[in-house]
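Look at the two complexes coming up: chain A is in both, with chain B in one and chain C in the other.
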Partner chain A sequence: MYPARIEHYERPQSVAEALAALGRFEPGDAIFLAGGMSAMQAMKSRMLQPRCVIDLQDVAELQGVTREHGALRLGAMTRYAAIAADAAIPSAYQALRDAAAHVGDRQVRNRGTIGGSVSWNYVASCMPATVLGLRGAMLLAAADGSTRRVVADDFFLGPLETARRDDEILLAVEFPAPPAHCGSAYAKWGLIKDALPVVGICVMVGLDDDDKCVSARIALSGLADGCQRASAGEASLLDSEGDEQAIAVAMDAIAESVETQSDQSADADYRRQLIRSVGREVAARAFARARGQ
Partner chain B sequence: MKTISVTVNGSVFEEDVPERLLLVDFLRDRLALTGTHVGCTHEGVCGACTVHLDGEAVKSCMMLAVQADGHAVTTVEGLARDDRLSALQEAFARHHGLQCGYCTPGILMNMTDFLTGNPDPSEDEIRHGLIGNLCRCTGYVHIVRAVKDAARVLRENTGGAR
Partner chain C sequence: MSSVEKQAGDWLGARLTRKEDLRLVTGQGRYLADLVLPGMLHALFVRSEYAHARIKSIDASEALALPGVVAVYTGADIKDSVKPMPQSVVLPNLPARYPTFWPLATDKVKFHGEPVALIVARDKYVAEDAAELVYVDYEELPVILDPERALAADSPLVHEEDGSNEIFAMTLTGGETPEGQAENAAEVEKIFQAADVVVSERFRVHRTGITPMEPRGVLCDWNDADGLTAWITTQRPHIDRLALIDILDIPGEQVRVIAPRDQGGGFGVKAPFYRENIMIAYAARALKRPVRWVESRYESLMNVGQERDQINDLEIAASKDGKLLAVRNHGLADNGVGTTGVYWGFVMPFLGAVELPNAYTWERGDVRLRVATTNKASLTPSRAFGHFPTRFALERAIDMVAHRIGMEPAELRRRNLVPSLPYTSVTNEYYDSGDFLRVWDNLLERADLPAFRAEQAAARKQGRHLGIGFACGVELSGVASELLVPMENQPGYGAATVRLDPRGKVMVFGGDAPGGQGHETTTAQVVASLFGIDPKDVVVTTGDTGTTPFGAGSIGARAGSYFVSAVANACQELQDKITRILAHDLQIEASRQHFEFKDGEVVYLGDSSKRKTFRDIVERIIMHPINMPEGEVGGLEWTAFFEAAKPMICFNADCCIVEVDVDSGNFEIRRWVTSEDVGTLINPNIVDGQMHGAIVQGLSNAMFEEFVYDEQGQQLSADFEHYKLATAADVPDIEITYAPTPCPHTPLGTRGIGEGRPSSVPGALTNAVCDALAPFGVELTELPLRPDRVWRALQAARGERR
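Let's look at the complex of A and B:
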């Protein structure tokens, strides 16, 4: 399988050069290439037929992980392998490592980036739901030099849709400094080990000094409408101590309230069951991490 | 067309290539390095095309050749030194880690990179590392055994490397 003819290949050295290259083409005629783990599939199947490919590999501003006063910033080109190996990511954001360590396979993790994944926002994907669950924000830049920050709740609009405008580049994914006693986890179930999630769940909880849950965020992946919050489960966890019973009730609430679809991977009822079983495991892990275990 | 310069198995190749040419086809069709195989090409799931890009295992059907401009690529043809197979290649022969051999180059490249980062892997870690490589013949048992034994040999020869 070949991509359709590509007329231009650009390898900009800076964000400004990347945006300038993008601006030379009609919207949709030029695409950014990060790890290529989705873009190459799309070009080979000819779902994407760009006239120009703008390869971001040399743009230093998109690389690297920085931490400032507890806040975490992952450059758009941060690869899964680097996230999975980053022992300095705090317990509040361990879900990032859970997710990154099980995306596809080693070769995919050596190339695929967090920026590419959230920009693509595929239905069955790990990072969009994780970033949504961890209340991340996307930092975007436009050619006129302006930047804006879009929180995950406003960024992910639906399958393959995001709030990124055609003339913008994603610079980084950012996470605010977490409060004390905060923990998160992500897990998925796929048809084979580490495959695309049939159901994926990210849970983040914050506890008070008595280990009571004072904040909860839960996000789901694998559902037809794209990554989404599970507010029924979030409300149910509040004030609990994250014991087995409280978690089971919360996951039942989610399974009964969200719309699940039937497709060749799983039918709707089975997906509900997966939400229950994967969700229990993930929530227990998030609580344990919040307690410092 | 774009002129690219890629170091493959230690030699520099300068070639004019169409922008859409896949790295795997550059290696096979232009450089006649047909040890790198093509199993799926579209989804990038089989791993038969795995090579090293600057030392890391990547699927060469999931990259354009132009992306490799200025980089170093190693293919299975580059594993042996002075006609001596690498420790992993020898272990594959010893343990019957291959039958038809179609998946073998990709597995050798992936596991060579894997062992660099994890010199004493458990069976579980090896199996997890192999997820990106499909083998239709062996059932993986002998592959896992070969990787484990190669790790042992490499550890024993540390200093002698490879």
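Let's look at the complex of A and C:
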């Protein structure tokens, strides 16, 4: 468990310097290091053998949570601990705090970043499904100065795969200004406390003035194919009032339609059951938040 | 020895903070990986990717050509210069099929992770680079993974020369002869035929064990004048020394083994003599340079700490009024490859079968065991050595008997506990002393069963499912020679040297090698209480075969039983000498019993003006040995041994309260209460810590930890993402209570504790879950106990109801 030879270590002070460092290597030969909670393991096991590591921890412009006209922007290097502690995050995006507060242990939350997690896109992780469930978009910059926004539905391609190109850096994860009466929640189930999710569920709902559900997004984590939307459940929640019965029906619809795997953490049947039991609790919390409770 | 007990001062039973902790929590501990010698090389094992394959060829030429690589050894390179295992020092006196093997695989690999080659390089990075350049050409062979199929006549063989995958089989009841055993079995069968109630179930416990915080490591240094010095992460340096002498054929005076003072846990995992030790010593000798190997977590989870893994077909015959009559158990253990020095893979299940009958008065028992070899890592000792599965089976089955006859399981247990000791179990295990009923009644009082039943009934009306579960355990207090000689070919006695210093300080030397249990503190308290000095004036050295008396090692709860008893015996000899000379100096006719050692002084009880400070009399005897009594010489150092006439035990009982969510199968432990007979307490902090650690390990084994092999024998659980350990947030507060009985066979009444302690945990836990699910009639018989298993059992029970 010792890495292969790493020829260069770069510690840029700005995004421009980071991109310049990246440009000095062939695509794939240099990697960005965010919190290092996954990439360091991958290098130690030699799954990754980069020639150069570009450590982003000094890049101030990648840090922190900002808000503008109700929209929320999380710098790619924002740590889980900072997200979990940010009481100003609106009810629409509370799922971010739910998820960030239970990633790994305290040490991991003090180092790991939202940008690192979505860029790595591991199947058993909390952030990709949360960002997907919350309609997040990834803001990417390339060396030529161009930027582009990729919505989560297009960004997460499959396990350990994203739409980020090798010549791009992730600047931030952005969330649009939410409509009124919008709430979200995230929870996961693992065998031990705060473990990687065997099943993770993010639910975001918007209500009209009569508390009727007018928008619903549900995303799942822990599935072999990577994070994904649960459209059967979303459709089922629409027009409901988020009562116990409606939520149970929606979660049943997801459990019955989702393709899931059997592995050493849980077999397919039990994963379906976890989707039901975790999903009910998460959806109820999302509705409560949407109602301002 | 009663005089010693009377002399025992305030330090015995004091809640001292541990002497070890300052250095450990301030980063000043020195572990094996902190040891560096000039010119030291780094070693890395290339390990098998296959569970079972023939080695056709190994090409290490590219690896050898890599700059920085000093040597690469394969099985073929060393086969003629290293003796194969088994060697007698690491061979139990039990009849078994002992496979022959070398430290590196020779003709074939037999489990995923087996060492195939050793790379020695200037640093560990180069060694890893070189490992990728060692090309092994394998021919895959059919893998043997299921212990039942392994025993079929047509099974492929793990060790072909043995002609069978049955490494060990034994009937533990009915005496030594087949006739006696058959006669006993027939008598047992008669009891079963006539019994009101028979419970007959198959109980399975998965492969799980212990993962010390610090994995293994070895640093060896060779020079032609002194020979070999080996620092090994080990619980038993003196045994490792003998093994290195015999296997590498080095003259005994040229081998010194040192277990580092600080070790990050052993729990049995560092008790065997491992093949890796041989190779590092071999390389250091061949290269005449220090060579160090530090095991990675990945290697550790691939190779060691794997235990349990038994199927027990257990039957109980009982009367309808709650008398347990007979127990019959046919055990089958999956030994894995079984190539671990001292224990192979079957010594653990052997002891597990011995300990099966537990604390109950069976009229008769029929206990048998078969152990199968498979293409997995060898079982290695893990705290609750061998009997985690058998105790789970028995304690679960007792609850099933209670359910059948409609009696409280706690009451059924109470009626059948051995009422007075000593007692010899149906498997011929000797229980020396204690008071099981007192421990049990203390538990019930603390648990308040009637209050719980009322709460449970009220909760059920609200659709909530609470449950209570009980279990108990007779555990070894040290391992007597009577058991250790046949089981491990080693002596059980404790040994300690106590050396007094002219400044009035005390140095204690022990040959055992602790891994964090607090020997330095408990030993200091014992010495301080006997000499009437402060524990801070006592230092303890362990683990160095060059400076300590021979000891069988830190195993089987030997500290509180054997080691401190040897220390006490040595102190008593020194007290005798001190008081003889002091009486002479004071010109009085007096001996040991006329003096008190207290508050740094030795005081004549007949006239308290006649006294001397401990330091002054010690300095006088060591430094000024003139005007001595006739026949006395100076100096104050004594090596003493301790061995009780018979094996000794300690006893504990657990109560667990859970709440189960019948929708998801999730369950939460709401309360954990214990009752312990640990004999005389030396340091309650340390004993509490032993109990906390043991119960957490038991829970973690029962609920989370599992070594998983796929159908090709690939180990899928070699990291902590997949091998899940309990965290602090996963375990309940633990209410430890004591109902101690001093052991009459040790000088201070102490008992050795903590080793077997996890074994009653899975029974108490699973009994509680089943009690919660009594309305559904769920009886769980397999571990791990996880929400998915509970959920599935509920689904099945509901299905049957429909």
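The rule we apply is simple: the second predicted complex is superposed on the first by the 293 of 293 C-alpha atoms of A that agree within 3 Å, B and C clash if a C-alpha of one lies under 4 Å from a C-alpha of the other, contacts with A are read in each partner's own complex, and residues count from 1 in each chain.
The rule we apply is simple: a residue touches a chain if its C-beta (ideal position, glycine included) is under 8 Å from a C-beta of that chain, and two chains touch if they have at least 3 such contacts.
All values derive from a computational prediction rather than experimental measurement.
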Contacts of A:M1 with chain B and chain C, given as first, second, both or neither: both
Contacts of A:R291 with chain B and chain C, given as first, second, both or neither: neither
First (chain B), second (chain C), both or neither touched by A:L274: second
Touching partner for A:V53 - first (chain B), second (chain C), both, neither: first
First (chain B), second (chain C), both or neither touched by A:G104: first
Touching partner for A:R164 - first (chain B), second (chain C), both, neither: neither
Which partner reaches more residues of chain A (counting touched residues only), chain B or chain C: B
Touching partner for A:L191 - first (chain B), second (chain C), both, neither: second
Contacts of A:Q264 with chain B and chain C, given as first, second, both or neither: second
Shared chain A contacts, counted only where both chain B and chain C touch the same residue: 1-5, 105, 192-194
Contacting residues of chain A [partner chain C, same complex]: 1-5, 46, 105, 191-196, 264, 266-267, 269-270, 273-274, 277
Complex contact set, residues of chain B against chain A: 2, 18-20, 22, 41-44, 47, 50, 56-59, 61-64, 66-67, 69, 110, 113-114, 128-129, 131-133
Interface residues, chain C side, partner chain A - complex: 124-125, 127-129, 132, 296-298, 661, 663-666, 703-704, 706, 708, 716-717, 721-722, 724-727, 729-730, 786-788, 791-792
Complex contacts: residues of chain A adjacent to chain B: 1-9, 11, 33, 36-37, 40-41, 43-45, 53, 55, 57, 104-108, 110-111, 192-194
